[in-house]
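Each structure below is given as structure tokens.
Both complexes below contain chain A, partnered by chain B and then by chain C.
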Partner chain A sequence: MTTEVSMMHSAESQNLKDGEVSTGTTIIAIPFQGGVVVGADSRTSTGSYVAVRTSDKIACLSDHIYACRSGSAADTQALTDYIRYYLQQLKIETGRPARVKSAAHLLQKLVYQNKDNLSAGMIVAGWDPVEGPAIYSIALGGTCLKVPFAFSGSGSLYITGLLDSEFRENMTKEEARTLVKKALAHAMARDGSSGGIIRTVAITAEGNDRDYTSQLPYGPVSY
Partner chain B sequence: MASSGAGYDLSASTFSPDGRIFQVEYASKAVENAGTVIGIKASNGIVLGVSKPLLHKMVVPSTCSYKRIHSVDEHAGIASTGFLPDARQLVGRAIDEAANWEDQYGVKVPPDVLADRLGYFMHYYTLSGGLRPFGASCVIGAYDQDTKQYKLHMVEPNGSAASYYGVATGKGKQAAKTELEKLNLHKEPCTVDEAVQHIAKILTMLHQENKDNEGKPLEMELSWICEASKYKHVGVPKARIAEVKAWVQEQLEEEDDDEEEAMEE
Partner chain C sequence: MLPAAVPSRQHTVQPMVTGTSVLGIVYDKGVLLAADTLLSYGSMAKAQNIPRLHVVENTVIGASGEYSDFQRILEILKAKALEETTTSVMDSLYTEESGMTAENTWNYLRMLLYSRRSKFNPFWNELLVAGKDLKGKPFLGSVDKIGTTVRDNFIATGFGAYLAMPLLREKWRPDLTEGEARALLEDCMKILFFRDCRASPRIQLAKCAYDEVLVSEPYELDTAAAWQAEAYRQSVGELEDDGGW
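This part shows the complex of A and B:
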């Protein structure tokens, strides 16, 4: 590694090429009755330079399935583009909405088979008519785990205790959204690679509700 | 019934002037001359049945010998008739399609997708100059894990696939279809236990009506997918088959008696 690269501190940066942009990040998914709230910060960094301060790390894969991206921005964008395409084809062939499980499985295959060349940690979350709300976490090497709630990215380390103590089953949509914003705000306060605004999407059978806020519930500035 | 191809029947890539592809029709003839297959979609399961009259006494009489019903995946099975080696190739392809689907998407292949895929495959062999169509039809019974429904499909040598309440193909298909229609499956589905009885009875009747089969025992292969089989495609348990065979014997004897009485009057 050159001296410039060694200035980067986040865990994902080990695999990034010189000058490559990273979504050193905090991403999170929390279920509620009838759906899932996914959330992310909006900082895209190249080393200590914030390349984009309002980026959208929440990618739509299909009508009711979203993916949160962390790691290399290029890698995760390419991956989500592929999965979006596969899910479109799947819907045409089967005539039914894709299962969250299938989206996660497809992503896992791609990540695992290309693990030497990718740096991507993602959360696939959504709703399908078979299983209802579902959340899958796909780690760097291609491990795919179905989880009750998920958090990932460089900032996620700082909020493990918070989430473990505050997470409850069967929350309402607003409770889940509030928890997502709180957790992200805490992570953004401590992780240099996470910051900007908080983006959230609430995914339900009826439709999706996208929102963002620059008013962080916790941080150096009190509102 | 036999129509002369008159030179338009030499290749699968030639249409006749009246818009037919004779080679594909001849492939269906191969199916019509082979053993009967019946499938029934019940309210709580699927049953597939095949008539396997014993070829000659030196063939080992068991369901392991020249199997006619195969499992394609845990949740799906195919009963085939026609050229048995052709059918075996089709089953192999269906197995690959199902395995590939699960590998890609992490879920079991939906029944209608499996039927369509097999249809595409069979159809391809009706389009290429050097290849011949498959001389076999496949009846696919499968359980859709997502919608929790049972589905019955049949794919024919021309590649067309459709979903059925009840289906019959092979030598006895006309007679079997008449019997199936009497059951009114499209209005009122029967239960899976009744379906086993219906299929066994129809196959036995067809076997006995054919004078050539005098003295030759009928071997039946029956398989099902239902709650009792844990939603997997398995052979109907031997004990159940024995029960059903006995029931069929009773039924047919009663009907013979009824007929005789009617004639006496």
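This part shows the complex of A and C:
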């Protein structure tokens, strides 16, 4: 596909290698009373081709901690594999479930120390007995920030205004889920690298519940 | 000290606002074209509901690639059509009755695109031209940004060349009815929506048959069924899974 090469410096520039698979994506985490709802689209793209249209970008790190993956699919899969292993170890060593903060900071260490070779933007979110619901955003260079709500990935740029205006503290689980789906649908409508279906996971002390939505609350506009 | 010479010539070297695939198929009574109505700005879906199939006289032109170049080409073709109808260019003994057919337009576009390419300033498009040929039979042809022309019974530009052409080759017959041709094109457009990052499910059809040339209003494809399989619904991110896709 020679056109792909000549477009490398055009309106679409990515720092992925030729043919590398990207989760060019939209991922979100929104807290509610007693937990967090994380959501993601399902499009995995190689350049302009949709490699997988129903991917699962929400990876479970431990019982009540999930990570949303954006950036290089290979890099983020490798990172979640490491973190799962470390959290299992921690659980054995301490006898307690891992904290969301531990998962996030472990991930930060990995991303920061390998920043030259990785392309990964992730959101670590979940519930732990110490802090309750918590959301951490780990950006490309390894910056780890604890945030009230998080959104990341190529599609997130299109919904910054929407989330800034619609986010409220202390929502219910259903309100948070609805907002997650609405924001994702809007991002998927405008970002070519996001699309497909919406997966959400609501994480609470009692358990996690996954949802799959193919009827998007917002679709291609007709104006 | 004189300033360094600044090149005064501009060249289109990279497309900015683009349209994706256009599909065309010849059926028993005419030609059908299909394209979605999305313009992209890199990876951003910049404008939805934008027609990429246009009627010029008795021909439909569909374009993928840089939209501004398409708009310029339409300007040129409209000016040419006006010139044809308002000037008598040759002695009436030698003038053809039919005026510009789709085949004429296709040849004219070839000259236009090839001459721009030869100046290293191409019209960054792949165009489909549909209508009638010089003998009155259904005509479908393409012209690309370097001036290559192809005439065939089914053509697809952009991603369609990779994803839709195999389906069109498999299913095409010379006696396709309009309904079958439309169903085939819609099926191809669905596949393109699933697999092309720059595609949208809002599409537009154009038909050239029985001396009439029509472009439909944009409408949305029904893609709901394609997301329902159990294999898709399953999550693969849980602890017992491999954390894969």
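FYI, the second predicted complex is superposed on the first by the 208 of 223 C-alpha atoms of A that agree within 3 Å, B and C clash if a C-alpha of one lies under 4 Å from a C-alpha of the other, contacts with A are read in each partner's own complex, and residues count from 1 in each chain.
The working rule: a contact is a pair of C-beta atoms (placed from the backbone, for glycine too) under 8 Å apart; a residue touches a chain by one contact, two chains touch by 3 or more.
Predicted model, so just to flag it, every value in this text is computed and none were measured.
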Identify whether chain B and chain C fit side by side or clash on chain A in the overlaid structures.
-> fit
For A:210, decide between first (touching chain B), second (touching chain C), both and neither.
-> second
When the two structures are overlaid on chain A, which partner does A:90 contact: first (chain B), second (chain C), both, or neither?
-> first
Could you tell me if A:45 is touching chain B, chain C, both of them or neither one (first, second, both, neither)?
-> second
In the overlay, work out which of chain B or chain C sits against more residues of chain A.
-> C
Touching A:172, do we find chain B (first), chain C (second), both, or neither?
-> neither
Could you look at A:160 and tell me whether it touches chain B, chain C, both or neither (first, second, both, neither)?
-> neither
With the two complexes superposed on chain A, say which partner A:104 touches: chain B (first), chain C (second), both, or neither.
-> first
Once superposed, chain B sits from chain C at a minimum Cα distance (Å) of 20
Same chain A residues contacting chain B and chain C, which ones?
-> none
Of chain B, residues touching chain A in the complex = 103-107, 110, 112-113, 116, 146
Parts of chain C lying in touch with chain A, wherever the complex brings them together = 14-16, 38, 40-45, 48-49, 159, 194-198, 200-202, 218, 220, 224, 227-228, 231-233, 235-239, 243-245
Interface residues, chain A side, partner chain B - complex | 90, 93-96, 99, 101-102, 104-106, 109, 129-130
If you look only at chain A, which of its residues touch chain C in the complex?
-> 6-7, 9-12, 24, 43-45, 47-50, 52-60, 62-63, 66, 73, 77, 80-81, 84, 154, 158, 189-193, 195-197, 199, 210, 212, 214-215, 219-223
